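As written, the chain order gives the labels A, B, C and D, with residue 1 at the start of each chain.
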Amino acid sequence: MTSLLRVENVDTYYGLIQALRGASLEVQAGGIVALLGANGAGKTTLLKTVMGLLEDQPDKGEIFFDGQPIHGRETEDIARRGIAYVPEGREVFRELTVMENLKIGAYARRDAIGEDLEGIFRYFPRLLERRDQWAGTLSGGEQQMLAIGRALMSRPRLLLLDEPSLGLSPLLVQEIFDIVKSINTDGVTILLVEQNARMALSVASRALVMERGRFVLEGSAEEVAADPDVQEFYLGLATEESVKGFKRYRRKKRWR
Amino acid sequence: MDILGNLPQVLFSGLAAGSVYALVALAMVIIYRTTEVLNFAQGDMAMMSTYVGLGLLVAGGLPFFWAMLGALAFAAALGAFSEFAFLRRAKEPTVLGLIIITLGIEMIVFGFASWKWGGDPRDLPTPLSPADVVVIGGVIMSYLELATIAISATTISALFLFLNRSKAGLAMRATQQNRAVARLMGIRVRRVEMGAWALAAVIGGIAGLLVGPATTVEPYMMWDPMMKGFAAAVLGGMTSLAGAALGGAIIGIIENLFGFYVSTAFKSVVPFAAILLMLAIKPSGLLARHYVKKV
Amino acid sequence: MFQPLLRIAALAASVFAVALAPTAQAQQLTGVTDTEIHIAAWGPQTGPAAPWGAVTRGTAMLFQMVNDAGGIHGRKIVFHPFDDQYNPAKTVAGVKELVEKAPGIFAMASGVGTSPGLAVKDYLMERGIPWVGPAAGSLHWVTPPQKALFAMYPLYADEAKLLVRHLVDKEGKKKIAIFYASDEYGENGHRGAMAELTRLGLKPAVEVSVNQADRDLKSHLLKLKDSGADAVLMWVNPTHAVITLKTAAALQFSPQWATSSTLSDAVMMQAITGGLWKNMIYASFGELPDADVPQVKKYRDAFAKYAQQGERWGVFFMAGIGFVEPLVEGLQRAGRDLTRDSFIKAMESIKGYKGVMGRVTFGPGERQGQREIFLARTDDTGTKVTQLTPWAEVK
Amino acid sequence: MDMKRSYYRDLRLFDTWPLGLWLVVCAALLALVPFFAGNYLMYVLGYIAINAMVALGLNVLVGYTGQISLGHAGFFAIGAYATVLLAKAGVPIPLALVAAAFIAAAFGFLLGLPALRLEGPYLAVITLGFGLTVENIFAKAEFFGGATGPSVPPFSLSLWPGFSREQNLYWLIMLCAGGTILAIRNLMRTRVGRAFVAIRDSDVAAACAGVDLTWYKTLAFAVSAAFTGVAGGLFAFHLGQVDPTTFNLMLSILFLAMVVIGGVGSILGPLLGAVTISLLNLKLKGLKLADFEQIPLAGKEIAGFISRHFMETGMANIQFIVYGGILVLIMVFEPLGLYGLWIRAKRYWRTWPL
């Protein structure tokens, strides 16, 4: 079985700054893959590189979706192949109504969308209530729901979720993640970037950890969760103390 | 001077003039919202389309309607070409740089048109003679002015319908709001931008075809309407279509009121004074809904 | 770091400066060789005033005709027209460049516009370079008279006076409104009309000015109409004249229109107004372009042979010929020993010369060569023109 | 409108000393021009220098403070009229020029007030309106000489014994232009200059850092207007005539084009831009049909095609196409303008042959 998304040895630059250093990953169809890492590790950059959102990037390396090369393609074409990306910070079209936002999600399709709309409203009943409201007037959580709903309208095979929990209350985070899980159950493969590692690992089947533009750890969600470094740095389960009473962050070096 | 007796006539005249400004303003707003460019070539693109219409009509011998349609088709092509050939090529464009590019396009179009057709004014014959008028309640309305107002109103309504009801219009609005995310939706934003330029050029072209019969066809025919259109767009808030339409009407009426009741000498300055006043009170323009500054 | 450098540079500069103490102006170039006479003219071929560029092209055709007929006393005229876009900064640059580059310029011919002309007048006069037939009816050329400046264009103010006189005396108009462009041309017409009205003991019905850039003249025309004027003196450019007539038609306003020589090209005006150029009274300083007199026919025939593609036989083109005819005449009279002084002397000997303009007379103190104008009128169809008055000087 | 992010790059002009040496040599050469050259060269150089002063002044606004102005022809006109009217009233010319600077600055300050709340197209339209208003008022008011403008008194200043009027004027223009360069360079190194740049990069952040926006934004307008006003005064004498219609929108656009084409936010940039645009303006002349016949191979055919499809009388308009083409090409390929090209060329040669 071929993998749905394969990233091979990708280098990405912002001007002179290298953000990805030979990053490689594979996402198999069906599961939820969580991508963990600290701020600036290159998680969002990886997603943007996959989507072709960065001009002239990737500088090096190859990206395949469903066996077809997509690196160097236009974002529009990549999106039309069946990858949907929910960007960090929601980025809904603030001056379009909820309904219009959803419709624009299905822009690249020509078949009927009524059914899909019903599906979305089943996931997010609250959007139905607010269907004629400007998206900019929604609350953060509702906007996140809208962003996910909009992405689903294109009937993607792969959904890239960037920090869905950002700035949301714990209750809402729980709600969103439940929905993410059920979306996955309905057949959409998900690549999930999260700072909230605990939540991410609870829904994911596999997980990867990024550090400074490269992958340093990969495994099933349970394996990754069991990793002592992950426990210490991402899950906050400090286990040892140094002689001086300070945590030794330097241990990260081990992964190089 | 019969002060009040003339008022309806002045208002009507202002509205007729203003409806042309409104079209130019709409064209500028469409381009500004989609690509954040102040298109200073708008007027001269319309001028050139008018010449093409005149050529099709007189030299080509086409019937009036088809000649005008041909002019608008040419306008669309010219707009799309400008975007495709110049604006899109700019790498790392800055706002000022883009303005200078449109000025460059303006000069190229202007130079080409005056080379091809010369500087002498010409007449754009229309089925409507300027002397055909209808008098309603003491207000003399020429068919040409009535047609101008009607065509402008129709164009503006059609534009609203297009933007609010059609899928392409939706895509255009989405692109205006967030280009990157629009691409994520599978919208081919470059085509949308090219389409916006074409659309704007067509709307500007309609303005040109309305100015032509009322004045003359010559290389400078669109300078004044273009300035007023720009002013109208800013008055309306630069990002609001309804504002642009309203702004055009307001400027047409204000300057006619001022010209008639105060002085014709400073008539062309008044719209700008009005804008200064208005912006001093409401810096985002009449109908712009937001003016959020990115920090 | 700069101080020493600056000091050294300043020292070097002053040494150089002393060594090169101001030299006398380079020997003046006269623009005359054994076989050539160099003559220059500026005229807008581009920009808002481009329609006036035909003047320069008319001048060029006259010189070409002279050359093809064998030149002047064994010399050919080499003509250097240039496009100044009606921008004085460009006019000055062009004139200085031509005058100071070998072999120089013998004289300037025509030259469109008051403000470009004013920008170079002093420069030309200081160097004694003759200038014949500035293409603008301005008082500046002859007040005070300059030794080397020979003006041809009758004053706009005179035209306005004659028109007002005619409207009042012959047409019995009582309420005359003045509609004028807010530039030198329009103000001169305005001034002339006001002077004549005052002389006749009348007041204008209304005075309305229009800006060059305006394209919406409804409020202007409403004002004119509202004043109840039975005649309007229209002192505007061709484009504004068209808009004026169209707007007037739309407002059902039909006074007796009267206008200047600038709009005396009835054929063109009829064409660009879409047939509204009817019953128009206008002044003219030259024979009408389609007049059946030998002076005009000669050039009309030549036009068919020489004119560039896109050229039109009209009043501006013909004016370019008319303004410069005396220059050619002067060159002929000056003979083979051509100097600027001999040329000026020859010019002063021209009396009652008749070309396509009115009669031209120069003299030792007389630098306004032509003062004669006449009035004409188009008929109801706008196509036939009749002369209303004979050639006459306005007193 | 932010093109340059690094503050230190703003100051590049004299930073290396070979460059400083070159500048001194250039200045010396320019100073010597009247001793050997004719009026024409002096006229062209003077015209360029006047435009350069405006471009440098406008750059304080556009390049350093990040505002836009489509109305600088207005300040230019104010400077010209103020100088001429004062000189006619008997004020010595240097004093009249200084006064013109202050008068223009005062108007700049006034125009700067609405600029506090506006940016982008809003500011563009206000400044555009300002330019139109000034042009209209000068052309209408009898006091200012109406449509013909006031007559310009003869330039009577004597800077060097035996110099003609043109030579003296040339020196005065060059002195003023040199003074402008030094003044602006120094201004940008002061607290004021740093405040301007801070406003350009982010006015909110600048305000948070304690920059008084009201004062500095209006000051930028005033400073910019002052230099433009002096240039306008010099221009009146340079042309020997003041015509209100020359101070039109086209002129404002030309000034802006100088700054942007040259490269905003530097000193060399506006200089290069002023030289380029001035020369294009003076030197671009109309082509003739005969010129096309010179084209090798297909000359006759091309000329034939052109005469069939275009107006021969309109041929001079090809210069607009060239002009516009140059603007578009420069901006498309190098948004930092000629200055950017210069920097790139320098960088290329520095690392050559790598």
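Just so it is clear, a contact is a pair of C-beta atoms (placed from the backbone, for glycine too) under 8 Å apart; a residue touches a chain by one contact, two chains touch by 3 or more.
Please read all numbers here as calculations on a predicted model, not as lab measurements.
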{"item": "Both-way neighbours, i.e. chains that touch subunit D and touch subunit A", "value": "B"}
{"item": "Chain whose Cα centroid lies at the greatest distance from that of subunit C", "value": "A"}
{"item": "Subunit C and subunit D: spacing of chain centres that average the CA atoms, whole Å", "value": "32"}
{"item": "Gap in Å, rounded to a whole number, between the CA centres of subunit C and subunit A", "value": "75"}
{"item": "Subunit B and subunit C: spacing of chain centres that average the CA atoms, whole Å", "value": "36"}
{"item": "Residues of subunit C whose C-beta touches two or more other chains", "value": "46, 50, 53, 182, 209, 211, 310"}
{"item": "Residues within subunit A bordering two or more other chains", "value": "none"}
{"item": "Subunit B, residues touching no fewer than two other chains", "value": "111, 114, 118-119, 227, 265, 268"}
{"item": "Each pair of chains that touches, named by its two labels", "value": "A-B, B-C, B-D, C-D"}
{"item": "Sites on subunit B touched by subunit D in the complex", "value": "32, 38, 40, 86, 89-101, 103-112, 114-119, 227, 230-231, 233-234, 238, 265-266, 268-269, 271-273, 275-276, 279-280, 283, 285, 293, 295"}
{"item": "Complex contact set, residues of subunit A against subunit B", "value": "51, 53, 74-76, 79-80, 84-85, 87, 91, 93-96, 100, 103-105, 107-108, 150, 154"}
{"item": "Subunit D residues within the subunit C interface of the complex", "value": "14, 17, 20-21, 24-25, 27-28, 31-32, 34-36, 38-40, 43-44, 47, 136, 139-140, 146-149, 160-164, 167, 239-241, 243, 245-246, 281-282, 285-286, 289, 307, 310-317, 319-320"}
{"item": "Subunit C partner contacts - residues on subunit B that touch it in the complex", "value": "1-2, 6, 9-10, 13-14, 16-17, 111, 114, 118-123, 125, 129-131, 133, 140, 142, 144-145, 211, 214-216, 218-221, 223-225, 227, 252, 255-260, 264-265, 267-268"}
{"item": "Subunit B-touching residues of subunit C, taken from the complex the two chains share", "value": "46, 48, 50-51, 53, 182, 208-211, 213-216, 218-220, 222-223, 226, 238-239, 242-243, 246-247, 249-252, 268, 271-274, 276, 310, 312"}
